Amino acid sequence: MIDVAFVVFSVAAVASGYGVFRVDSMIRATYLLLASFLNVGAILVLLLAEYLGVALLFMMTVEMIVMGLFMVMFMMNPAGLNPMNMVHQPRFAAAAGVVAAAGVAVVAVFADFPVAPVDAESATTRELGIELLGGSMLVFESIGVTLLATMVCSVILSSATGRFGDGYEGSVAPALEPGGDHRPADDLYDPDAAGGMDMDMDMGDMDHGEMDMGGMDMGGMDMGGMDMGGMDHGEMDMGGMDMGDMDHGGMERDS
Amino acid sequence: MNLMTVLLVAAALIGVGVWGALAQQTFVMLMMGIEMMLNGVILAVAGFWAFAGAGLPKGQVLVILSMAVMAIELAIGFALVTAVYRARQADMTEGIGSLKG
Amino acid sequence: MNEVEQLSAPLAIVVVAAVLVVGVYVSSVVDVVAFRSVAGQRLRPGSAALFPARVAHRLSRQQSVRTERPDMILRVLAPAALLGLAAAAVTVIPLSPGIVVADVGTGIVLFGAAEALAIVAIFFHGWSPNSPFALIAGYRFVAVALSYELLSMFVLIGAAIPAESLSIGAIVESQAGLWNVIRQPLGLPLFLIVSLGVTFSGPLDLLDSNDLAGGGSVEDSGMQRLAWQTARHAMRIAFAACAAAVFLGGWHGPVLPGGLWMALKTFAVIALLGFLDVFVARISAERFVRVAWGVLLPLAFLNLLIAGVGAL
Amino acid sequence: MILFALVAMPLLAGLVTWVVGDRRLGVGSAVAIGGVAGTLIVAIAAALEQPTHGLDWGGGLSLTFEVDPIARGPLVLVPLVALAVVVYASSYGESQGRARLLGLLSIFVGVMELLLIAGDLLTLIMGWELVGLVSWALIAHHWRGDAPADASHAFIVTRAGDLGLFISAGAVFATSGSLQFSGFGAFTDGGGAAVHVFVGGIVLAAFTKSAQLPFSPWLFSAMSGPTPASALLHSATMVAAGAYLLARLQPALDSVGWFGPLAIGVGLTTALAGGVVASVQSEPKKLLAASTSAQYGFMFVAVGAGYPAVAIAHLIAHGVFKALLFISAGAAIDASGSSRFEDMRLGRSHRTTAALAAVGALALAGVPPLGGAWTKEAVVAAAALESVWIGVFVVLAAVGSAFYATRFQLLAFGSRRVDEPAPTADRAEDSTELRNRSTTVLMLLAAATIALSLLWLPWGEEQLLKVTGGEFAASKLWEFVISIVAIVAGAGWAFLLWRRHRLLTPSGSPLSSVSDWFGIPAATKVGLVDPVLALAGWAARLDDRVVDAGIGRVSVGAQATSRLLARGDDRIVDAGIGRVSYGAQATSRLLARGDDRIVDAGVRGTAHFAAWFSRMLDRFAEYGVDRAVDGSGRLTGALGRQSRRIQSGQTHQYYALIAATSAALVLVLVLWS
């Protein structure tokens, strides 16, 4: 029974995890990731780490809600209404993934670990609570403090009107040569900025192939790496997609 | 369900995460890859706790620690994405190629 | 906790289904009554009691509109997920002494998780039809929801403190002497605010609201609309039951059998929510967000403090 | 409970004051003054009943709070002085930022009390660090000028000393597994290398904290803080920590042979040098700072001689009159609107302040029957018991103190005579605040100073014995006589110079370098402070400066060399080959003309062959060599470009590198084990 559940959950977890990087719709990607987390949470419950499983459920849900918003804010074509494939160095990445997985798998198969299963009767949640507020109090507290610091600095980082002047200050690229002028935000692209022409070339080598969206040739897209940002996704039109969605994309960012 | 199987699932998750983090162009997708890796890590830790750790509470604490790491990574990541977008109008890793401020 | 007995699977399904069906119907009737009383229309019990049935009948025969290139999977998933989450939430709530569908040790956290996932489902509802107003509504809802999500968790945990357990059954038993509504005066109001939010009704009616021409449901029709309304009412049931169990002492009460007490309290909360739905005006999203972070969250902390001090 | 209040009350008061802010200064200053006054009461109570309290920290560590007999005096002294200082500060300078000043002062009291009631090294370190931190914040109070730089100078120097504390804590914990002061005696008696490390660390920390040579100069940097801060910092809190620490741990430390001589040596040197420095200073505050180092030198001498109680007694007396002197100096600066002696001589305009300052100056000079004199006599006696010569040197230092005390009084509050030039700086407009507020404070402190004269009575002496719980060296008559002579000599000398107008050292004179601690500050600044400060900026610029630029240069250089090689090849090789061919043709032609027809054909053949051969040689050889050289040049250039490519700034490429590297690392680890 438990084994069946485990198989189901793990297959679902891995499958949805794979799907995250395969689907076109950003929302689907986000919530596939959430699904993967939920399945892992379920596996945790099967592993008798009941509280951890449910907490993972809860935490990841909220986290992914936020993630979904960001996805739609920062991706072009969030609804995935056009097929698109925005990856680089795909072969290397795949190889690396396989190597990593294989490495861990080898460890899992060949290493021999001590066999000391948790007994099913123990009240793991209560134990965890006592541990958190007892022996590991220091760890717990430091996690809390770290999270607080995280809140503070993420607010500082992301606030439009930081303490160093208003948002516009931040939205202009710093001068690339000392004493140089501040160029307006819309012609940010500067060959020097990315280390010269051959920079472009090798980016070309890498990305041209992989990057093509809805048939429209993205030849310009690789310097798009720099250039892309310039165009506002809100307005960016993609072959034959309903402007309605894009407007939301744009509007979400503006609002 | 034993330690080996759990670790194998974790391995698969980590592999997918590495693949995603290396292959994706958008910062947010990239962060998703990292999340996926941590997902596998959490699973592995829980597996060790359940099968090889004699259910020591400290193992669960480790899981909670990695959850916290995940949360922090996400928060700081999003903040950075926003800041980078403000500074460079860039949402892809190619967008911040310049080596100066 | 030890005398709690798990229901067998088929029985459990029957019980949950019964609770949801009855509850949904009652809650819709409550809506009708509340609406008519505020609209000043004459209240005929018969028609009021039959109204939901009539609406359901009409919707079930209505043809369903289809938008251009909707996200079909999520569109179907949204109401189903919401309904399923409501059911899941009901399962962890003990219905009468010793009878709980699924006696989960961490029931309260599970309820919180279900609530969070409900937000996701509701966002799907706004996202999927590929329609401007619906999308705006979905975003607005999520933005607001993030601000009271923490609230609910803190309140529930606060209620769990005196019970020294995360199981709702234990929480109910811990109220044998004194109900949490008195023990933690801030708890119930805050929880009701959250309930209004997740069932997007009353002051927090920010999803299917008229100011967006129907918002998330602007494109819904026929079975879609029916399913969505059902799911929403089911969520209300779950919240009402949870409020009754966690704050109003669950089955505790004189004379009557425990199950009946539970039902009465749940109904009371349903009625309260239903009337708040029509009697309180909608509050603008940004103002509520400010209030939620600035006032309600500190209040939740205060509540937690009270709970902790009380538990000492 | 009392101990808790002792620390918490001033801390809370300070925070409240700070939070209340400048807008409602009345409330703020009331809170601060009240808090410190309350602390004073609590401190007296604590000193009377000497409670102890333990707090389990976990991990085998525990915080111990107790009131050692040695600590009783300072315990009361700190809030007493602080009360005066806070009252003075509540009307000091511009009201902007005054709430912060008051709050910090109050907090300062709290952390110092924490340091004083520390019963183990861990607690002590906490208090120690906090004291350093708060004093940093106080010195940097006027953050617009270069005060922050001075503050970080002082902070870094003291921090460097604090490391000693950590080291010794590590040593003692590693050896005895406990940080309790009570256990130190046994630990040091045990002997071993750890003991020496321990004592060395403690002594280092104490020397830096109380500004003994060669760490003295940070006190001058501390001068850029507001006057109340300096007053508190010099009299009772920050600097006192070092002397207190040594006096507290003296029984444990003394078991190491070299401790006594070291303490005496450093203390004596500082006392003498400080005397010299103070005698040529041209600013009152700096003069007082130098004198602080000198006076603490006395205390170290006493500790080294084995009389911690004496040191504490001198610390108390010094604390009171030094606060008095500092506040009067601040008053003088306020009144004259300048921080230099030239513009002072306020004898006529501010008679009360002058009179009150005179009390402090006399105490500093060690004129009987003031308390300061008695404690100094005790120091002399203790030193003389150790060895007569040390006593003599202490007396010499006493001459110095008499000299600069007189000098301070005459230059700051002497009466300006007609033939002297008028002050350059314009007087501050209203010194009304000066007249009412600071005068009351000065009166309070002067009263305390005079009250300490009771020490000369046997009753007062036994009281002091009871308080400090130590024993004193019996003072002999000849010592007393000698030191009286010394005082008279010093003061008389000062007067003599005063008559000749040579008391005020001109800024251009060589003495001015002496007045800056013989240029030690430059040394410490170069040796310690600048490196620390520079490290940050350097690390920040490392990437731009070294990595990018370096790689860029590599590629550029490579391309340059390649071009160079190519050109050089064209010039030399081609030309060479060309000449060979021409030479060959010439010879063949010559031969052809020179001979008759017999061998004509053969010769022509040879000529033809030579010409052909040379042409071949020309074409192929040139081609090959050219290609080779150009190719090598291009290769180098390409390598340069490739190497620059690594620095693409492309996140995913960096990630790829990281992934590959970590994989390699794991592999290595696996193969290793």
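Letters A, B, C and D name the chains as they come in the text, with residue numbers starting at 1 for each one.
Following the convention adopted for this analysis, contacts are C-beta pairs under 8 Å (C-beta built on N, C-alpha and C of every residue); 3 or more make two chains touch, one makes a residue touch a chain.
Note that the structure is predicted; figures quoted are calculated from it, not measured.
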Checklist entry - Ranking chain pairs by contacts, what comes out on top? => result A-B
Next on the checklist: Could you work out how far the Cα centre of chain B sits from that of chain C, in whole Å?
Outcome noted: 33
Checklist outcome for this item: For the pair chain A and chain B, the C-alpha centroid-to-centroid distance in angstrom is 9
Item to check | Rounded Å distance, chain C centre to chain D centre (Cα mean) | outcome: 63
Item to check | Geometric centre distance via CA averages, chain D-chain A, whole Å | outcome: 47
Item to check | Per-residue overlap in chain A, given as positions that touch at least 2 other chains | outcome: 51, 55, 66, 88-89, 92-93, 96, 100, 103, 194-195, 199, 203
Checklist entry - Among the residues of chain D, which ones contact at least 2 other chains? => result 647-650, 652, 656, 659
Checklist entry - Where in chain B do residues touch two or more other chains at once? => result 18, 21-22, 25, 93-94, 97-100
Item to check | In contact (per the touch rule at the top): chain pairs | outcome: A-B, A-C, A-D, B-D
Item to check | In the complex, chain A residues that touch chain D | outcome: 88-89, 92-93, 96, 99-100, 103, 137-138, 194-195, 198-199, 202-203
Checklist entry - Taking the complex as given, what residues does chain B use to touch chain D? => result 18, 21-22, 25, 30, 93-94, 96-100
Checklist entry - Which residues of chain B touch chain A in the complex? => result 1, 3-29, 31-33, 35-36, 39-40, 42-44, 46-55, 57-58, 60-61, 63-65, 67-68, 70-72, 74-76, 78-83, 85-95, 97-101
Checklist entry - Across the complex, what residues on chain D touch chain B? => result 544, 548, 647-652, 655-656, 659
Checklist outcome for this item: Within their complex, chain C touches chain A through residues 68-69, 71, 73-74, 104-106, 109-110, 112-113, 116-117, 119-120, 123-124, 127, 130-132, 135-136, 139, 142-143, 145-146, 149, 153, 166
